[in-house]
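The structures considered in this document are given below.
One chain, chain A, appears in both complexes that follow, with chain B as partner in the first and chain C in the second.
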Partner chain A sequence: MIESDVLVIGGGLAGATAALSAAREGADVRLVSHKESTLRNASGLIDVLGYHDGDLLADPFSTLDNLPEGHPYERVGAEAVEDGLALFDEVLGDLYAGSHTEKNALVPTTGGAVKPTARYPKTVAPGLASDTNEMLLVGFETLTDFDAPLAAEHLENAGVPFEVRGVTARFPMLRADAKITRYAKVLDTNEKGIRSQLVEAIKPHLGDAERVGFPAVLGHDHPEKVREALGRELGAEVFEVPSGPPSLPGMRLENTLFAALREAGVTIETGNPVVDFEDSNGRIDHVKVKRTHQHVPYFANEFVLATGGLVGKGITSSREGVREPVFDLHIPHPENRYDWFEDDAFGDHPFARFGVAVDTDLRPRDSAGAVEFENLRAAGGVLGGADFAAEKSGSGISLATGQFAGKRAAQQS
Partner chain B sequence: MSDSEKFPIDVFPEAEDMDLRPGADSCYKCSTCDTSCPVAEVDDDFPGPKFQGPEQWRLKRKEDVSVDESVMKCSNCMRCDGACPAEVPLSQMHNTARGEYVREEMSMLSREYWRNRILANYGTLARVGSKVPRLTNAIMGNSVVQRVNEKFLGITAEREFPDFATETFVEWFEARGGAKVQSDEKRVAYFHGDYANYNTPEVAKALVRVFEHYGYEVAVPDQRCSGTPMFANGMLDDARRAAKFNVEIFHDLVSEGYDIVCSCTSCSMALRQEYPELFSFDGTAEVAAHTYEALEYLRIYEDVEGDLKGANPDVPDLAYHAPCHARNQGLDGQAVNLFADLDGVSVTDVGDSCSGISGTYGWKEENYDTSMKIGEEMFEHMDDAPGETGLTECPTCAMQMGHGSGYEIRHPLEVVESALVE
Partner chain C sequence: MASQTAVLVIGGGSTGCGIARDLAMRGVDVTLVEQGNLTHGTTGRMHGLLHSGGRYAVSDQKSARECIEENRILRDIAAHCVEETGGLFVKRPEDTEEYFQKKLDGCRACDIPAEVLTAQEAREVEPYLAPDIAKAIWVPDGAVDPFRLCVANAASAEQHGGRVLTHAPVTDLLVEAGEVVGAKIRHEPGPRNDSAGEIETIYADHVVNATGAWAGRLGDMAGVDIEVRPSKGVMTIMNVRQVDTVVNRCRPKGDADIVVPHETTCILGTTDEEVRDPEKYPEEQWEVDLVIDELTKLVPILGEARTIRSFWGVRPLYEPPEVGSADPTDITRDFFLLDHAERDGLPGMTSIVGGKFTTYRMMAESISDHVCGKLGVRASCETAQVPLPGSEDFSVLHDYMDEFGLRSPVGRRSVQRLGSRADDVLKTDAPNPVLCECEGVTRAEVQDALTHSGTDLNAVRIRTRASMGNCQGGFCCQRLASELHPDHDEETARTSLDELYQERWKGERHALWGEQLSQAALNHALHAATLNRDGDPAKAGTPDWNAFDGGEL
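Our next item is the complex of A and B:
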């Protein structure tokens, strides 16, 4: 019989945080993730709140109290956000920066935009837009996600307080089709002196630049070593420009978080989805994990649902309506599907806020507002009430609600 | 009514019996699969699972485009399946592409074809070799023979052939008079595969003793190779024959109330996932639905976790490597978690890298270096872990672990046997 005190469903940032905080409360915790963690698709940036009503926020904490009822931050309160960040800072330690301030940092993206974020990998740090040092951006012909000259132009147009140029170079040795993991591997191992070869290719373009930004492929296991070696030879600070999925900063984050989970004694299972459950007297008795063809019961005292939103498939939709597929939880949404969106592509779309509605203990509520199951909590992207893409609040919500749900689940178990 | 009236939509008539279009359409090119591919990480000539699966499938809809030979560099670790967020049946696409490549592009007169065929049909070789185990071991261990194998067959001389046991598992089982426990309720049919039978009968014996300890009647039916090495080499006809034989035998046992247990995670993967993806003999689905990895089965139906807590097995400290095919079935953390509270034994997970051998892959001369490069991380972590004994469910991962570290490698069932059975 497979059982634990707390069962966490979902292996993204919210699930990992929930499992970690539950384990630290002393609970016996199992984390079940349908696939490998989606963290490898994360940029690695930890946003708390970047925009409110369309305005860029310098200090996310000043605005947390102004969020409407039902927003995940309103449900758990600012203290949970601080606790979530504290847990993150402790686990990521030297790999991340930003914990010294409550203010948002401005990080240049591959598109040449500037993104407000609360925590960022150390590899990204020298690229901050608030710095005034002259910047060179380097893209590679073979990594088409990052057009460095275009990004430089965009940054200049955005009015950044420094000189910035962009150049497209050829990455030595690798052929066009190599995967980002291959770039990282050759740099990690310095295969055939690749680091020096790369430096030689960049040097003619360096000029007076004091910092050089690359696509985020500077090593998987030893990014600090790679960055330090390149910087020393170039005579400039080297940084990464975080890119879209899949992403090495995301994979590094995944490695560190999952190592912490194992360290804390969390049992981790990937590869099989939770598809069904049995309940009695208002409590979940067990869930059913689909292992190829069998439905295997997993028993626990407390459950945390952290399966993500529409993209992560924690929420699904059809022409008939919007559903939460594991527990069939209520998702508030307009009856008429033409009311789910606005005509303007960048408008304030209702669908962006779709998700389960919860009480202040993060327990999902049914259409009448009653708690669905005493021992089920929801965390992260599956929660409704926040447009995390527009607010830049996704990882902060995952950390805050994951930490809160995990802790509460452990205390109740 | 004519057939064309019954089936008005015939988008890709050439799709034959397997229409992979819905799977290909699900791919939104996020490339996550490429980042989980252990081959792409060390070999930039390998275009990765996204290309080998949905992209190659789409390309082939056009005329005059045949399966690219790079598909033979895929090691069939199936990690891409576990990474894909859109449920694209990547490994199924790779298996079919590889089958088509071998059928249509590879000369049956080539050295590569016959080398692959010999490697894929290891069981045939083993059946002959195990008749005279000491002689075979002496011959295969001979360095001249190994060099000849490399030169004429392309089988690397770097590796030591695994020894054949002097008594096969099946011989042992028959000599002891078959099952020692009879039960109408608790019955398992053991799919031991070739390796546990010919090379590591101690693993198979451990399975029998552990299941009998829990009161199960164990059946050991006649069987052939699960087919994993054949899928990986594109020898789908060989695989079909083996699978058909296994499905018939095991389907009968399922009808008699038996569940199927495997001690090799590639075998359980083949029976529960690859068979239904690739074949449709009568009973395939039932066999798949009743197949389990042995320890997984005990975790579901017995309190093996409780029984192991505080047990004191006579085993050294162990460095555990999770085989890719265990990972894919969600079994990667199982052994470490189950053995965490054993008395006097530390079991260390050596991380999530692939061992690099992937069955027959690392036996090929041209893949040997790639295979060792992939395994490097695992070797390093084994070195860092306490003790000098490895632990894994997969026989070829065990070969690679032993080859790269010089350690002796054990199977989790042997640990359970030592902990629970007198």
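Our next item is the complex of A and C:
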């Protein structure tokens, strides 16, 4: 029989954090995840809160207590955010920066805007926009998400306090439609002396630049080695400009988190979906995991649902309405689907807030406000009440609620 | 500024472009003006059906005969715009045997090849037909890319000395001594338009009003009454081709009775509702639901399939005022030539109203004959024989994959889109990565489109199909905008990006459930969270940099 103290459903940032914090409380923890984690699609930046009511925040913690009732941060409180970040810093300490201050950092995007974030990979650190050192951005003709000269001009138009130029180079060796993992691989292994070839191509453009930004492809397994080698030959600091899917910083984060989970004794199972459950007396008894053609019961004392939001398919929808597919939890939403969106592409879309509504113990509540199951908590993107994209709060919500849910679950088990 | 032309054609849809080409080939000095992009109006908002005529074979046999005749010609002269899909009229149990027989007899009476298929034979053609479809009639319907076709006509007009102006709305018609003598147009920012902001007065020996649903407005400028009755219809786009054949329902006129395979998608249509204003009308949820629910009866998997967006078009319906049909579906699809000298005592202008996309060339021929009669030009029409640019030598559609270093589907589809222009566009020394993964559009194609599109990324989109797939531009809008730089500055590229992203969102809003809502949430995350385009300091104002983390010392 498959049995654990705590069963975590979902392998993204919230699920991993929940499993890790439950394991650290001494619980026997199992994590089941259906598909490849959405972490590999995220930029790898850890946003806590960048905007409130449209205002850019230098200090996210000054505003955490002002969020409306039902926002995930309001549910768990600022302390849970601190705890979540502390856990993250402890696990990712060598790979991330930003813990030296409560202030947000402003990180250049591939489009040439800047975005506020609380923690950033060390590979990104020399690129911060509040630094005044002269910057050169380098794009590759074949990596189409990053047009360095355009991004540089955009940063200038944003009024950054440093000189910035952009140049487009040809990346040696690879075919026009090579995947970004291929770029990372050849840099990792320094195939055919690729690093020096690259440096030679860029050097004529360096000028007085003290830092040089690349698309985030500087190695999968050995990013520090790649960055150090390029930096040494160029005589400048080298950094990455993070981007959207697929994302090497996201993959590196995923690898480190899962290594930490294994080290903490968490049993990890990926590739099989949770499709059903049995309950009695207001408690989940077991869930059913679909393995090839059979439904296998997984028993646990406590359950954490961290399956993500609309993007990760933890929330689904049809013309008839919006659903949480595993436990059929209540998702508050307007009946008419034409009330799910605004006409402006960047409007205040109701769909962006779709998710389960929870009590202050993160237990999902039904349409009448009653707790659905005593031993089920929800964490991360599956929670409603926050437009994480507009707020720049997605990772922070996952860390805070994942840590909180995992700890409570372990304590209750 | 002022200019002089023999014929001024107003309207850059299929009819206007067809007339411009026809007249230019006859050696007539012609200028075409269009308020937006080519196909800005009805032409750009049709479902892409190349009629076999089967659709009109019972109700309007004159139209049906014209359709099959033009269908054959277009497959010949516009091969790179047409996909010969074939079409089925399928009979559900509740559709009458009597009508099925009428349809078959009608097709045969109109010289439309038609063949009755048993249920089993029909499913061999289209495996996803509903199990209770009893039988079907096969006809030579096809799919056509209206934009490609219009562009080819405009290009041909130019090659024969014509002048084509887009982004040039007419601000006034010039009426002197009781005669139309030309028009004033305003040059707006757009491709190849260095005169933005200027007003140009174009004097013409004759003016042709080919503005479709907008014809009444142009008539108002000259003080004549043209009662076009605009009728809106929804088209809902699926993310893949559930069918490879046009599927029509075999019953008398009705809403929601056709599925057209188009490139990588299927288009479901449509509704028919009279509206007052061809530009402002409600786009309603019931229309989207109706086409999906009704067409699911023909092809059940449509009910579960992913819808990526919906758009609406307005038909420029016209009937002589004395007919007075109450229901827009009763109004004839035939076209009318209004000679304003005869009709209103106002010489110098002819309007063309009504009609169908499939017969655009025939309409153009008829108008051109009329105009040539007025001008005393004797040259005859050659548009039915001479292939359009891009279709001259279609044998280039061979295997380009190795040649261009592209993976197979990308190469094949690029060549299909470009026709005989493929060599010119794709043979580049620079790396040619894919910019739009959903539709397999490479940088070379986008760069080629940009030479005709100025800073208008929507014009690039309709030339290449970039941003028209599953992600609705979520992944590629930014890349397309980057191609504007450094020829254009950052702010221009950003504005064009915002316009394209908003345009994509406009249609996608009507498909926000299931997979597409997940996609919309992903796009929102990418553009707002990862790229921070909603809080971009270049727009929102420069932050106090010192208040933020400057990095660890």
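As a working rule, the second predicted complex is superposed on the first by the 413 of 413 C-alpha atoms of A that agree within 3 Å, B and C clash if a C-alpha of one lies under 4 Å from a C-alpha of the other, contacts with A are read in each partner's own complex, and residues count from 1 in each chain.
Here is the rule we use: contacts are C-beta pairs under 8 Å (C-beta built on N, C-alpha and C of every residue); 3 or more make two chains touch, one makes a residue touch a chain.
Bear in mind the structure is a predicted one, so any value in this text is a computation, not a measurement.
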{"item": "First (chain B), second (chain C), both or neither touched by A:His293", "value": "first"}
{"item": "Contact breadth on chain A, by residue count: chain C or chain B", "value": "C"}
{"item": "Partner chain in contact with A:Ser196 - chain B first, chain C second, else both or neither", "value": "neither"}
{"item": "Touched partner set for A:Ala125, first chain B, second chain C, both or neither", "value": "second"}
{"item": "Touching partner for A:Arg175 - first (chain B), second (chain C), both, neither", "value": "both"}
{"item": "Partner chain(s) touched by A:Tyr51 [first = chain B, second = chain C, both, neither]", "value": "second"}
{"item": "Partner chain in contact with A:Pro245 - chain B first, chain C second, else both or neither", "value": "both"}
{"item": "Partner chain(s) touched by A:Lys185 [first = chain B, second = chain C, both, neither]", "value": "first"}
{"item": "Partner chain(s) touched by A:Gln412 [first = chain B, second = chain C, both, neither]", "value": "neither"}
{"item": "Those residues of chain A which chain B touches in one complex and chain C touches in the other", "value": "41, 175, 177, 245, 313"}
{"item": "Complex contact set, residues of chain C against chain A", "value": "285, 289, 292, 405-407, 430-435, 443, 475, 478-479, 482, 485-486, 489-491, 493-494, 501-502, 504-506, 509, 512-514, 517-518, 520-522, 524-538, 540, 542-552"}
{"item": "Interface residues, chain A side, partner chain B - complex", "value": "1-2, 32, 35-36, 38, 40-41, 174-175, 177-182, 185, 245-246, 251, 262, 265, 267-272, 289, 291-294, 296, 312-313"}
{"item": "In the complex, chain B residues that touch chain A", "value": "30-32, 34-37, 40-45, 47-48, 51, 82-85, 272-273, 276, 285, 288-289, 292, 296, 299-301, 303, 327-334, 337, 340, 349"}
{"item": "Contact set on chain A toward chain C in their complex", "value": "41-43, 47, 50-51, 54, 56, 58, 97-98, 100-101, 103-106, 109-116, 125-126, 128-131, 141-142, 144-145, 147, 149-150, 153-154, 156-161, 170, 175-177, 242-245, 309-311, 313, 316-319, 336-338, 340-341, 343-346, 349, 351-352, 388-390, 392, 394"}
